[in-house]
Every structure is written in structure tokens, then in C-alpha cells.
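Here the chain labels run A, B and C in written order, and each chain numbers its own residues starting at 1.
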Amino acid sequence: MGILDYANPTRVLRFSRAVKPWFLGLGLITLAVGLYGAFFTAPADYQQGETIRIMYLHVPMAWLAMMAYSMMALSAIGTLGFKHPMADVSAKALAPIGATFTAICLITGSLWGKPMWNTWWVWDARLTSVLILFLVYLGIIALWQAIEEPIKAGKVTAIITLVGAINLPIIKFSVDWWYTLHQPASVFRVDGPTIYPAMLYPLLICAVGFTLVFFYLHFAAMENELKRRRIRAMQMRAARRVAPEQTTLPQGSTA
Amino acid sequence: MSAFRALIARDVRLATRVGGGALTGTLFFLAVIVTIPFGVGPDLNLLSRIGPAIMWIGALLATLIGLERLFQSDKDDGALDLLRLTDSPVSNFVIAKVIAHWLGSSLPLVLVTPLLSLLLALEPRAILALTATLAVGTPALSFLGAVGAALAVTLRRGALLMAVIILPFSIPVLIFGVAATRAAIVDPDPFWPPFALLTATSLIYAVIGTLGAAATLKIGDG
Amino acid sequence: MKVCTVWVEARVKIKELALSRGERALVAGLSLTLVGGDAVALVGPNGSGKTSLLRVLAGLAEPTAGDLTVSMQGADADLPRNALVHLGGHQDGLKGALTVRDNLEFWIAYFGGAGLSISKALDQLGVGHLVDLPAAILSQGQKRRVALARLLVAPRPIWLLDEPTAALDTASTARFLTLVEAHRRAGGIVVAATHTSLDLSNLKTLDLGDYPAHRQDGEQTVKDAESYWLESEPL
């Protein structure tokens, strides 16, 4: 019981309400600066031309997709190791946000790839790994939806999240390995230390901005989940309160 | 230890009895292998090139679909509770049940592989490689599937969801298994590195699968 | 009629136990000590936590609060409570495709049995003639009796029974209660959740309704997940 008193919903809600606007405000300001840099000061790529500007959206999304999963795995440890209910709330709030960021990463990757590869999709090692991450996210969301009882759903999903956390590096390794085995003729890569500082700084600023917005979304989703659980608890309580009164009812038939 | 062996013996026996369904997985495997040529055409060159992939995907689906009921029948008749009334941890009986399931369902699949490979015009070297990779790789699928089977107990009607969750995790097994088999067909590709990686994946998944399934069962029951 | 095993200092100790199912607390402040020879009838309305208590006693679930020890002296003194209890009734755990003998032989091998032989155990429950038949064709009552034979072939000191006599006729119930008495004389403990009265000597009754987690006025005596979520500020 002690642990249940530890961080109660009221305190979490109060904290969330206090810090949420700051995350949003700072995030939007940072993003404005970063995106200005991305679109106006950063140079176009000598090979890819203006399409390089998709990078300022695509790369932060890829980072945040992975960060969201890491946070979900940490929350899963909180659920299983410390039995903290707030860890459930955090994990459940993270899944759709992570999935959305992963989806944006995939879509921007596809848009970026179209002029480069002249096709919407290539089974490139990076894109493929992100696609699998997206599938794992969808599976976890489906699992949350499939179990009625929140506590059990939290524990079961936590186990699968951790199984995924151990598996994703293995999958990443195997996909990289698979890609080198089937290596196509022309490979195009965005990574590497060769990126110009003029491109790097806007990218980092964008990344910070999106991260702040990400935390804002996480807090907002946690608040919603807390409300959802409160409603459920109130409904269950209401259902029980009605029961004893009904035992006195069946007399209408004589009227 | 005798409890462990007794459970394996019981499950293998149940699998081969009426309603046990040991051979259903193998039949499903056969049906998949026979159906695919109708989709891609009877070109033997093409079939022999994609043959390993067809066989591996068939084995993957047969294993995962067959595993759905790994714990369900014990849950239905109450034996799942009774099996936990020992001083050994839940993971012990998970391992025993997976071994029994592998012996009853996956081993027959491995054994018919050489025969089915002939339908896909695989060469003897490829057949040997394919059989070896399936023998080493299917345990990984069984252990992964055990996590899904434990989920299926918790969710009641969780068969499809189980596949949705487990299939992405089985990608490394597929990659290394097919790569090692391809090595026997496409000459410059090496056989041993992917085969060693496949073995390693099997060992890692045995650990992850056992712990994951045991934890899921405890929560689903508790 | 005798069960050869004798249990030394079998004991069940429950202190300030709280139980919950899902998010809702069911039972709070339950304390109880049982020693060898004791038999308790667990009563209470549906959903009062009888099955939950049996599962917690069996080590299949953990209590939300309180202490619980199941112990005995002798060679098996260090065993966890999972290995000291039998769970009987409710569900039979029989495999229809196997014969009665194969079913029981499996449980002997799995639990480690030094109890009655299979045929003797079945005879005592009046189902000796079924030993070579597949369990699938037995009637509900026959299945229940075969399942209860498991308690005799693989002896354990604590019997946790969930509606054990539900599928049994009067004669079978009498036979079974005789076996329960023999188990108690050997120093065993019996906890039975039941709706009907059991004809046992010195039967204690534990009404779980006496240990409610929720009082009549709706106030809770213990916190549970439900009250935890209600702690947040109003919407």
C-alpha cells in the first residue's frame, strides 16, 4: 500500500498542469528558430538540392521514436519492478505518441526518398528498422486496447514492451546484416560526421524543439489517461451503489 | 527433474492423441508450400530461387499458429493452476511445454522438409542447409511463440493479436535462416556466419521467451 | 480407511491479510491460524473473495497486504506454499484423451507422490472400475472423484477445496468427507469454500463477509487501485 501513496494522481496532475505550458511554449519558440534555420539559413545540399530540408523533420522524428520507446521500456520497469501505477499511465500515454512520431518519420522518409530513389519505398536498412519499430508500437497499442482491466493490461504490456526492448537491437542488427547481404548498387546515406555545421545547428535546434513538444504531448496524454481511469473508477463505484436499492424495486407489477 | 520429464512425456502423448493436433502444423506447412507455386507460377528456376524463403515463411506461420493453444487447453481444464503447485519456478514448466510442443509439432515439420523441398526444385545442398537451419531455428520460433501463447491465455481470444505482436520479433530468425540456406545456392555467400547467428538468436530467444511467457502467465493468472 | 502419511506441525498463519481482485479490494484485516487437524468452511456471498483467498493460499496470487505463511516440520519444511497445498474442486485438470490411470500417473510424477496407489485411491472414492477408461467419457461426478483421487496419490498437508462436493451425489460426498476426516486425523489441514454445509466434526466457519474491504456506507477500510484513481482532483 505504501507505494500507492508515493506519487498520487493529484500531485502528478498538479505538476503536469504547471509544467505543460512551459514545455509547449519553449518548444514552439525553439522550433520556430530551428525551422527558420532549416528553411532559410541552411544551405541546400549539392547533390539533393532542396529536398535535404526534409531532414530537419525526419531525423528528429527518428530520434524521438526511439526515445519514446526507451521511455516506455523504463516505464515498464517501473510497472513490473516497483508496481507503480503512474508508470502504467506514462507507458500507456507514450505508445500512441511514439507510434505517431514513428509514422511521421516513415512518411517523411518516403517523401525524401521519392526524388532520390524514384520510388516511394526502398527496403533500406534504416527505413526497414523504423518500419518494424512502427509495427511493434502498433502491436503494443493493440494490446492496451485488448485488455479491459487497466492493471492487468499495464503489466502484460510492460512485459511485451521489455521483450521488445531486448529484441529491437537484435532486429536492428539482423536487418543491417540482411541489407549488406543484398546491398543494391546505389546507396544513399544521410548520417556520418560529414554534415556541415550550417546544417547541423538547425537540425539540433529542431531536435530540441520537437523533444520539448514531445514532452508536452506526453504530459497531456498522461492527464487524459488519469482522467480516463478516474472515470472508470467512478463508474465502477456507481455500479455498486445502485445494486442494493434495486432489491426493493420489484413491486411495480401490482400497480 | 522427473516432473519436467513427466510433463514433456504427457504433452507429447497428448499431441499425438485424438484432438492433439501434432500433425496439423505439418499439414498447414504442406498446404502453404503447395499453394505458393500457384501464386508465383510453375517456373522451377524461380521456385528454386525463392524456395528457401517459401519454406521458412511456411514454417514460421505453422509454428506461430500452432502455438496459440500451448497453454490454452491447460487453462481450460484447470491444469494450468495445478502445474504451478510445485516448488520449481513457472519458467520450468514453460520450458518443458515448449520442448514438448517442439517435439510434437516442429520436429515433424523439419523431418518432412527434405521431401517438400523437392517440390520447389531445391538442390541437395540447399535441402541439407534448409533442414539444418529449420532444425536450429524453429526452437527460437517456439520460444517466441510461447510468449504469444501466454498472452492468448490472458486475452482469451488473442490469436490474431498474438501474431501481430510476435511476427515482428521473429524477423531475425527469418533473416538468418533464409540467408544461411541461400548460401548453399548462391555460391559466394558464406553459410557459417548466418548459421552461427541463427543459433545465437535461438539461444537468446530461449531465454527471453521463457522469462516473458512465465511472467505473462503469472500475471494473467494472478 | 487410512492415509499412511502423517503431517507434523502443519500450520497456516494469516495475519491482517487484504485481498483484491482486479482493481477492487475484497477482503481486509483477515487474521487466522490453522493447525494440523483443523477444517474451515469458507462462506460468504458470491464475489466475496472465497476463490481469491484459496488462490492466495495456494501461492497462485499474492495478497495486497498482510502476512501469510504455510509451513510444516520435517523433510519438506523449506518448501514454498505452492508445494505444500493441493487445490481441489471447481476444475478437474483431467485430460480427456488420457486414461484415468495415465492422468493420475502424470500427477504422481509431477507432484512426487508417496501416497496411496492409484487403484486404492480410486477405490476409496468409489471409482476404481474406471481406471483404464479415457477421462473424456466420464460423467461430471466421476471426473470430480478422479480429480479428488489426486489428493490421495500425491499427499500434501494442506487441502484447499473449492466447492468440492458440487458435482457429487450424497453417497460420494459421504465417502469424500470420510477421506477429509482421515486427512485431518493424520495432521492435515482442510480449507473448503462452499455454499452447502459440510458434515465434518469441529468444522470452523470463516465468513469472508465479516472482513469487508468496503463498509456499508461505502467507505473503504483499505485503499485499492480504484480509490487511488479517485484521489485525483475533480475534473
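The working rule: contacts are C-beta pairs under 8 Å (C-beta built on N, C-alpha and C of every residue); 3 or more make two chains touch, one makes a residue touch a chain.
Treat the numbers as computed from the prediction; the structure is a model and nothing was measured.
Enquirer: Where the centre of all protein Cα atoms falls, which chain's Cα centre is nearest to that point?
Expert: The chain sitting closest to the overall C-alpha centre is B.
Enquirer: What's the chain with its C-alpha centre farthest out from chain A?
Expert: Of all chains, C has its centre farthest from that of chain A.
Enquirer: Any idea how many Å lie between the Cα centroids of chain A and chain C?
Expert: 45
Enquirer: With centres defined as the mean C-alpha position, give me the chain A-chain B separation in Å.
Expert: One centre to the other, that is 31 Å.
Enquirer: Taking the mean of the CA coordinates per chain, how far is chain B from chain C in Å?
Expert: About 37 Å separates the centre of chain B from that of chain C.
Enquirer: Two-or-more-chain contact residues of chain A, please, as numbers and ranges.
Expert: Chain A, residues with two or more chain partners: 152.
Enquirer: Which residues of chain A touch chain C in their complex?
Expert: Interface residues on the chain A side: 1, 4-5, 8-10, 12-14, 85, 149-152, 226-227, 229-230, 232-234, 236-237, 241.
Enquirer: So in the complex, the part of chain C that touches chain A is made up of which residues?
Expert: Listed in rising order, the residues are 22-24, 64-65, 218, 222-223, 225-233, 235.
Enquirer: Flag every residue of chain B that touches chain A in the complex, lowest number first.
Expert: Residue list for chain B touching chain A: 147, 151, 154-155, 158, 161, 164-165, 167-169, 171-172, 175-176, 179, 189, 194, 197, 201, 204, 208, 212, 215-216, 219-220.
Enquirer: Touching residues of chain B toward chain C in the complex: what are they?
Expert: The touching residues are 2-3, 5-7, 9-10, 13-14, 17-20, 77-79, 81-87, 221-222.
Enquirer: Hey, which residues of chain C end up touching chain B in the complex?
Expert: 55, 58-62, 79-80, 82-83, 85-87, 90-98, 102, 106-107, 109-112
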